[in-house]
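Letters A, B, C and D name the chains as they come in the text, with residue numbers starting at 1 for each one.
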Amino acid sequence: MARIVSLADGIAELVHDGDEVALEGFTHLIPVAAGQEIIRQGRRDLTLVRMTPDIVYDQLIGAGCARKLVFSWGGNPGVGSLHRFRDAVTHAWPVPLELVEHSHAGMANRYVAGASGLPFAILRGYAGTDLPTVTETIKFVTCPFTGERLAAVPALNPDVTVIHAQRADRAGNVQLWGITGMQKEAVLAAKRSLVTVEEVVDELTPVPGGVVLPGWAVTAVAPAPRGAHPSYAHGFYERDNDYYKQWDAISKDRDAFTGWLGDLVGSAR
Amino acid sequence: MARIVSLADGIAELVHDGDEVALEGFTHLIPVAAGQEIIRQGRRDLTLVRMTPDIVYDQLIGAGCARKLVFSWGGNPGVGSLHRFRDAVTHAWPVPLELVEHSHAGMANRYVAGASGLPFAILRGYAGTDLPTVTETIKFVTCPFTGERLAAVPALNPDVTVIHAQRADRAGNVQLWGITGMQKEAVLAAKRSLVTVEEVVDELTPVPGGVVLPGWAVTAVAPAPRGAHPSYAHGFYERDNDYYKQWDAISKDRDAFTGWLGDLVGSAR
Amino acid sequence: MTDHTPDEMMSIAAARALRDGQTCFVGIGLPSTAANLARRGHAPDLVLIYESGCLGAKPDRLPLSIGDGVLAETADAVIGVAEVFNYWLQPGRIDVGFLSAAQLDRFGNINTTVIGDYTDPKVRLPGAGGAPEIAASCREVFIIVRQTPRAFVEKVDFVTSVGHGSGPGDRARLGLRGAGPTLVITDLGILRPDPETFELTLTSVHPGVTLEQVRAATGWDLKVAPELEHTAAPTEPELAALRALKAA
Amino acid sequence: MTDHTPDEMMSIAAARALRDGQTCFVGIGLPSTAANLARRGHAPDLVLIYESGCLGAKPDRLPLSIGDGVLAETADAVIGVAEVFNYWLQPGRIDVGFLSAAQLDRFGNINTTVIGDYTDPKVRLPGAGGAPEIAASCREVFIIVRQTPRAFVEKVDFVTSVGHGSGPGDRARLGLRGAGPTLVITDLGILRPDPETFELTLTSVHPGVTLEQVRAATGWDLKVAPELEHTAAPTEPELAALRALKAA
C-alpha cells in the first residue's frame, strides 16, 4: 500500500541527485508542483524523461537540475518554443544538456516495454528518418515469421516516476481520468513512484474513462491541490492558457528567468 | 460507419466457409447467438480462434463447422471438460480437428500484434515448456539491446471477428463494459467484424470501465438481445450457471448432442 | 479434533500459506477457494488477481469461473486481459501464483494439456491457460492438487508449466525469474522442494493421514523431510468460514 | 473576390481537401484549424483523432493544445497514448495525416528537429512528436505550411519525417505503407507530387498570387504542372466559419 506523505517529504525521499526521473503527463495532469519542489530541493544531474517536456521541464532545465533529457517533443504547446531548453542545447546554459531523442510512438513503446518487464519493444517506426543516426537507442530487428524489418527501442525503467492524479483513497489507490497519456505505464515502469493528487478521499467512486492504480503498485502519494497548474485537472480546474503565453516572455530572457527562479526557490509551496 | 444488420444477414455476409473466425469473449459477453447462427447456416472448414473456447465452441465443433482450433484453454468453466472438443481431438468426430495451442499470454499478445499492425509480438513465455515442440507459431528472438532470449508469436489477423456487446448507437459505435477481455483487440485485428448487441440506442452514455469501438472501425452491428446467454451481459442479465452444468450431460453423449443440434438447426432465433 | 474432509483440510492448509497484504494470482477451482478463504480470515488485505482482468477482487461468494460478474463488480480495477499478463504478471509484481494441476512431477512441473501422447492423447485436457507464465513470473508458486498416483507422476506427459525443470539451476538457465513452486498442498499433506535438489519432499502430513498413505498416492519414490511435521487440524472458525463460503 | 488574408486562404484550401467521413490524424496549429473548419462545413462526419488519445473529438472551439479538455469531453473514446499509436495509427486505419513542417524539401520530407547541424544547431526545434509515424502510416499525408525560401529547401537539415525520400520507390523500400504526402497546402498555392518523379509540383496558385511569387518563395527550382489551376477564392460562408472558429 502506498504511503501518504507530504510533497516535500516525498521528493526528498524518492528523488535523488543523478536519478533518471520521469514526470509524465500529456498536456493534462502535468506534475508541476512536484517538478517545482525538485527545483526547490536543488536536485542535480537528473536524467529527465518525458514524451512532451513543456514549461515545468523548461524550469527544471533552466534551474540546472538536469544533465540529460529523454524526450520526443519539447515545446510550449500552442505557444511555441521552450527557451530554457533551447538555451541549454545551443549554449549549454546553465549546464550542458545531453539529448536522447525519439518519436512519440517510440517513447510510448519504451514505457510499454518498461511496464511490461520486457527489455525492448518493436514498432513500425523511424525507417528513413535521421533519428537512428543520432539516437543510439533505436535499432532494427527482423520478424522471425515474415522477415520484415521493424524498429526496436529499449524499455524505459526510470528510477522514479512522478505523476499527478485527481485523487487517491487512504490506502493509496490512485484514480485519474480525462486524457490519461502514458501515466500508468510510466508508474509501472519505474522502480519507485510518487503520485501527487488533488485530494485524498475515503472512497474512490468509479468514473467513466477512469484509470486506477492500486496502492500496492505505487510507492507514495502526496496531496498537492492545484498541483498540475498551469496544466489542468479534468473535473477540478481548467488549463491556464495565459500562463503558458506568459512563460514565453519570462523564459526568453535569462535575467527574467533568474528572477522567476529566485522567487520560486524562496517560496514554500 | 458500421451498418446495422440482422444477425442472420450479418453472418451470411461476413462469415464464409474456410474463414478464420474469432468469436471472442472472456467468460463474459460470449457471442453465443452468433455462434449458433453460424451452425444454423451450416458453415464448414472454419479455423476457430479463441483464448477460452467454451460451450459455444463445443457446439460449433460438434456440429462439424471447424477444421482447426487456435486456442489457449478449452473447457467448460467451473464445470469441467468440453466433450465435443475431446471427441473431435481423440476420435475425429464428426470431423478431425487440428489444434494450434498457445498460452493465454501468447494468445493475448497475438491479438495485440494483430490489432497493432505488427507481424509479431514478444513476451517472456513458453521457455522450458513443451508447447514450442508442438506449436509452430512459437519462436524465440534475441533482444538487440540486452541479448536476452524472448518468446515471439505471430500476429492473429482473423478474416472476421465476432463479439457481443451491451449496446451500440445508430452510427454503429459500440460500447461494452464489465470484463472486456480481448474483444477490442480481436475486432481491431480482424479484416471484418460483426458485433452483436443487447440493444441499439440513440446515444451512448459513458460508463465506468466502458470500452468504445468507433463505428468506423466495425463492419456491422446486429441486435441480438440475450445474445450472450448462457454467458452474461453485465448490467443486463446474469450468467446461467445451470446451463453450463446441463451442457455437460448433453455434450457427453453423441446422441444427446445430435438431438440438441437438430433442435437448434430447426429453430429460428 | 474437528470433523472435516480431506478436501477441507487441503483448502484450509492452502489458505494458511497466504500472508496478509500479499498479491495473489488466482486460478479457478481449488486455488480460488483457498485464496478467498484466506481473505475472509487471517488475510483481509490479500489482493486477489484473476486473469479475466480483475485486480483486487473481493467476491462475497465463490465465483464459478474466473470471469464471474462478482469479480468485476468488487475489483479495484478491471483491465483487459493483455494488460493482466503484460503489465501485471510478466514484470514479476505478483507475490504468489496459485495453480492446480492434472499431473505434477517430482520437480513440480505441471501438465494440464494431455494424458498420453500429444498427437494421439488418451485424455485431452483444457490446455495451458494462464499457467505457463504464472509459473514463470510470480515471485513464488503454490500448487494445490489432490494427491493420487495418477496425478503425482515420475515425469509429466507434457510440460505445460515449468516447476523446477530437471533440478537445480534449470529455472535460471531458462530465464524464469520467479522462484517457482515453493509449496504443494494436497489432501494428504504438504510438500516443498528440497533446498539442494529441488525435488518435492513431504514436509507435513495432515491429521489422520499415514506416511504409507502418502507414499502410496505418489508415483515416485517420495522423499520425506527429516523433521516431518503434522499439519494442525482445521479450527472451528476455519471450518465454519470455509463452509459458509462454499454455501454462499 | 472576398477580402481575405493568405493564411485564411491556406486554412480554407486545406479544409476543402478533407472529405466527409474520413478519419484524420490532426496535428496542432494550422492542421487543427483546417480540420475543425472542414468538420464545421462540408465534412460534418470527419473523424478527428488527436495523439493525446481523443478519437472522434468534436471541439466547439479551437483547442490550444492537442490535449485540451474540450477534446476529451467531446470524443467518442479517450484512450491511452500508446494505444493511439499502436492500435489506431500503426495499422494504417487512418485516412489522412495532417502535418505541418519547419522545413520541407522537394520530395516532401519534413524537418521539425533542428536548423543547422544536429550536434551544434542554429535553432533547436521541438522535435519529432508523433510526426514520423503519422507520415509513415496514414493512408495519405497532407502538409500545411507557409511558403518561404527558409521553409521550402532543396534538402532538409534533418529528416524528422519521411515524405517521398529521394524519389520513386523509396517509401516501398523503407517499408512505409501509406502513400506519403499527396498534397501540400501553403499560403501561396497547392503542390502535389509529380506522379512520375514524386517531386513536389505547383498545381494551383491562390487568388492574387503570381507564379513568380511562388517561385521566389521556394528554395529549389520549382516545377509547375502543365495545367496550373487557380484556387477558388474563399466563399463568404467559408470565411465566416473560419473567423467564427478562431474567435470562439
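As a working rule, a contact is a pair of C-beta atoms (placed from the backbone, for glycine too) under 8 Å apart; a residue touches a chain by one contact, two chains touch by 3 or more.
Protein identities per chain, from UniProt: A, B = Glutaconate CoA-transferase subunit A; C, D = Glutaconate CoA-transferase subunit B.
It should be emphasised that the depicted structure is a prediction, and the values quoted were computed from it without experimental measurement.
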item	value
Contact-richer chain pair (by C-beta pairs counted) among A-D and A-C	A-D
Between subunit A and subunit D, centroid-to-centroid distance (C-alpha), Å	28
For subunit B paired with subunit D, centre-to-centre distance based on mean C-alpha positions, whole Å	40
Intercentroid distance (Cα basis), subunit D paired with subunit C, Å	57
Sites on subunit A at which at least two other chains make contact	112, 117-118, 123-124, 148, 184-185, 209
Of all residues in subunit D, the ones touching two or more other chains	86, 90, 137
Touching chain combinations (by label order)	A-B, A-C, A-D, B-C, B-D
Interface residues, subunit A side, partner subunit C - complex	1, 112, 115-118, 173, 184-185, 188, 211-214, 216-217
Residues on subunit B engaged by subunit C in the complex (per definition of touch)	26-28, 51-52, 71-75, 77-78, 81-82, 85-86, 89-90, 101-105, 108-109, 111-112, 123-131, 134, 148-149, 178-182, 184-185, 209, 232, 234, 238-239, 241, 244
Interfacial residue positions of subunit C with respect to subunit A in the complex	21, 23, 45, 47, 55-56, 76-77, 86-87, 90-93, 137
Residue numbers on subunit A that touch subunit B, as the complex places them	117-124, 137, 139-141, 143-146, 148, 150, 152, 154, 206-210
List of subunit D residues in touch with subunit A within their complex	28-29, 51-54, 63-69, 71-72, 78, 80-82, 85-86, 89-90, 113, 118-133, 136-137, 158-162, 165, 170-171, 174-177
